[in-house]
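The chains carry the letters A, B, C and D, assigned in the order they are written, with residues numbered from 1 in each.
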């Protein structure tokens, strides 16, 4: 376990390390995502956490140097970016912000609910629409903008894991189906293959848990980067992102996550979870409110969430009384 | 406008009165619920608000003496009561806590998602299941328990509006359809007609906006009644109720309500809205956090929410920076 | 095996008897309907067939004296009766004639396809609507009319098996759910409990396979009773009934039944099947065209059709080249 | 009006000509398919019919020289061809033969009914699967086989209308969505773009009404070509094709078409209809049974069927008592 920036009290650091080991065994209740070949090869036993506070407090535990891809966590980032690029009204005309109760790759509502507007940007359909709206004349330009925006948050240059991207690109039939459906009903702003390239590349951006925590930190602080002391995106967009994370962030276990953990969070099938503890949330922890949490545990459940990761996050939230409710 | 208990600063009281008049005209964009005959006769122009803080601060505006029925607002109350009566695991085995994106009276998921467990207690299917679980050997006993529980919160005896109940009872075909479906798939704990009687009577309990605000106050304070200084229900249940209000409380506009208002709230087709401002929420208002809000505006939109009421609540939340995000 | 009326050539009678024994063992691939308690007690090994031609030719095989209830076979009878009572336009305004691909007790389309008109009279929703339309001021009168109509076809008085009716009445939650939904959307012509009483009593009418064959005979002959030499119902209604039997008669295996057997037929969860061989159908059999077939084999498959019965009917149709295609 | 081959009695020819003019005005209740640009330019007033009997009797009326594309009529042809190429069991493992009640381009059941096997080959999803199964190492080879098979039926070489194909290819987003979904769930036998090329080219094959009638003639005669006196495809496949035409051939008006017309038929959004009058059907016409009918009327209804064409066909079937029921 490494302590960065400001040192947090010894016993808290120790706790985190113990908690990681306590919840690591639950990984065996899940398994690595198999439909993306490159993810299937990950070590399911890995588990890591990083929490970063507004004054650079940080505490980490577990496999913190491990790199993994953002996958659906990227949906929060591109949604925020699209709102900045296009303005909220433009974005909301093309994607709703309602939870669905369906699986993340469901296509049913695009047909059953006219006019087929995707229900929210946290499911694949909505995320592909969002990716199509980003500024840029090519997938390359759009991806470059995403990477630049992430760099402003995490403080270092990230990159797309090409192997993961290729792996997903080859097997993206379901996402292609969604994208062509969206194109047919007028909810794509660029050609299908371009939107998919952006979407799958954003999913394949590589991070570690502390990068995730930095993303959570900026969202938690309403778009304000407390270390760099600049407003990276509007407060209103940040609040909307947090609301979406609560209502739709944890796939179709979002309701249970809100009920029993109560933090804005977004998961990915890589086993990533980012959580944002709003800067006025209830908190009895080594951190002031307004902190970000990154979690990684590649063994996921049927719904798509890291099994050990969710349990670890619940334990931390319970112990330190982190909740928005 | 009347000021109760402690007086809140004059200009705030004044603001509320002005805001009510500012938003009253929007009532004409909605209309009174027509499928319940007794509700159709209400004056659509009415609008009222009451906010009560933990130290008995109160501010009110509009038609505050008007009586109306709880309708779906009662779903929060009976869910809390069922959790107290049966324990959380028992309740959660019979009703999930996931949002659906469907209309409140939808039956589709009972068939399409096996084993047909209702998705959450804020839609009719889930609420009927919850009512069937309440303690009591008869509908009368169950309703008596609900009224007693409400009395503990609002500080006075409430009663069922028999005319509204009869009106709903006669026309409850859709709810009967839901209830018989639930019975068929094993999700009712008592006979259909008994569960329906409880459900429709809880919907017909009569309140005013300050009663609503008192309910919101206790939920906001995690089950603790700040005036009576007793814990009426467990903190965990209160947090779960608030999470459900955020993810599912405003029918299938819950996502937009969370995104743009960001408070746990529950609406009813009578035009009632209860909101709970958690005791650690962001707030720049005449009130400390941990306050409850009651709203009444009988002209509702297609989704079932008070048109003027939602606009008034958004204005108050914006002005006083009330949000959990 | 008994031979009635005119004797059919000896070797054909022998064939039928052998075929029954040949297909009887397939009963073990199914089981008696368990959701209706009175049906669950039947002997799953039973199998019987009766074929009656326009000139009173008859051939029978297997357990031909066994009594069983019509169940969904009654849907054809009441549909014809409703068309006579109300006229085709009135009936078609309240029930469509389109196949659905859904299970017989599905409720989804009543909500998903506005205005919620049941898709056809062969699924429960449509059949309940049809029962509600029958002439008569009470369930008793309506049931009496059905029994009278059946008597005109089969030549003897039939009766409702009260034990089966009571068994179904007690457990009819799913049908009640359908009926209340239909009432809510305006597709019931009498109170729910009355429509259900008629529907469940028509299902509980007791017959043997030769009674079934007589029903098939009249339908095959376009409503004309070849023995009694009277037109019992209009040719147009008979043709419509046969079309419905082909597109929707065998639950959601209707397509496969049409594809591989190719006869208008209707099955019931009691294991009953009635088939009508139109009076101009292709036929190389001991019978002229225009014959009726009754089958009974109580062990049904997941879809609701008699396992051994369908196989026996397919064999007979193949051997004797009975098909409308 | 031209009379080919054997001359049919004068007054029947006259009748057909009059009937065409009688039903032509109903075209204004429909309109040409607008989602395929090349179809939108057709003259909606056109109407034509051709009936060909087993002994080369023929009667025609209306715009009989007009060329149009097969569109969904091709689905019957490729289904038959796939059964010949792969054998029935192979085909039925990949496409079911059940009607759905949904629109022809619906995607919902691919997700809602596991394992996502398309319900029948007459809806787009099933037809694309069928096209992917055809013999041939390239789209060109597969299309060549279809054209050869058609040539064997109609007696002349047909060709793909390249303009229509290009028009559909450019706008085939919904079909691409279906195809990628099918690929994802394992129901495509060749790459998506190849299957789509075959499918859209088969739809763009150009015919006149007499070509259609010839296709109907061979199907009516169980795969036997009465003029060329050869069996073009197995009787069992022909009967299955006729069953599919009855249960699913007229989009989601198939039930009503069976109920009120009662002939195996398949329509296309070009306004084409092919009908097969089985060789033992009831008939009081200038033709013996076993005849084929081709109809063309480009103004289609919301469901996709030629408005005037269906009315004309119903009139002919009524007048000449053509029905399988």
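To be clear about the criterion, a contact is a pair of C-beta atoms (placed from the backbone, for glycine too) under 8 Å apart; a residue touches a chain by one contact, two chains touch by 3 or more.
Composition by chain, UniProt nomenclature: A, B, C, D = Glutaminase.
Please read these numbers as outputs of a predicted model, since none were measured by experiment.
Asker: Which chains are shared contacts of subunit B (Glutaminase) and subunit C (Glutaminase)?
Answerer: Joint contacts: the list comes back empty.
Asker: By CA centroid distance, what chain is farthest from subunit A (Glutaminase)?
Answerer: Most distant chain from subunit A (Glutaminase): C.
Asker: What is the distance in Å between the mean C-alpha positions of subunit A (Glutaminase) and subunit C (Glutaminase)?
Answerer: Each chain's C-alpha centroid was found; their separation is 56 Å.
Asker: If you average the Cα atoms of subunit A (Glutaminase) and of subunit D (Glutaminase) to get two centres, how far apart are those centres in Å?
Answerer: 49
Asker: Could you work out how far the Cα centre of subunit A (Glutaminase) sits from that of subunit B (Glutaminase), in whole Å?
Answerer: 32
Asker: Residue numbers in subunit D (Glutaminase) touching 2 or more other chains?
Answerer: 112
Asker: Chain contact graph: line, ring, star, complete or other?
Answerer: Basically the chains close up into a ring.
Asker: So, with touch as defined above, which chain pairs make the list?
Answerer: A-B, A-D, B-C, C-D
Asker: If you look only at subunit C (Glutaminase), which of its residues touch subunit D (Glutaminase) in the complex?
Answerer: 96-102, 109, 119-120, 238-240, 242-244, 246-248, 252-256, 258-260, 262, 264, 278-282, 323-325
Asker: Using the touch definition from the top, list the residues of subunit D (Glutaminase) that touch subunit A (Glutaminase) in their complex.
Answerer: The touching residues are 106-108, 110-112, 173-174, 176-181, 183-184, 192.
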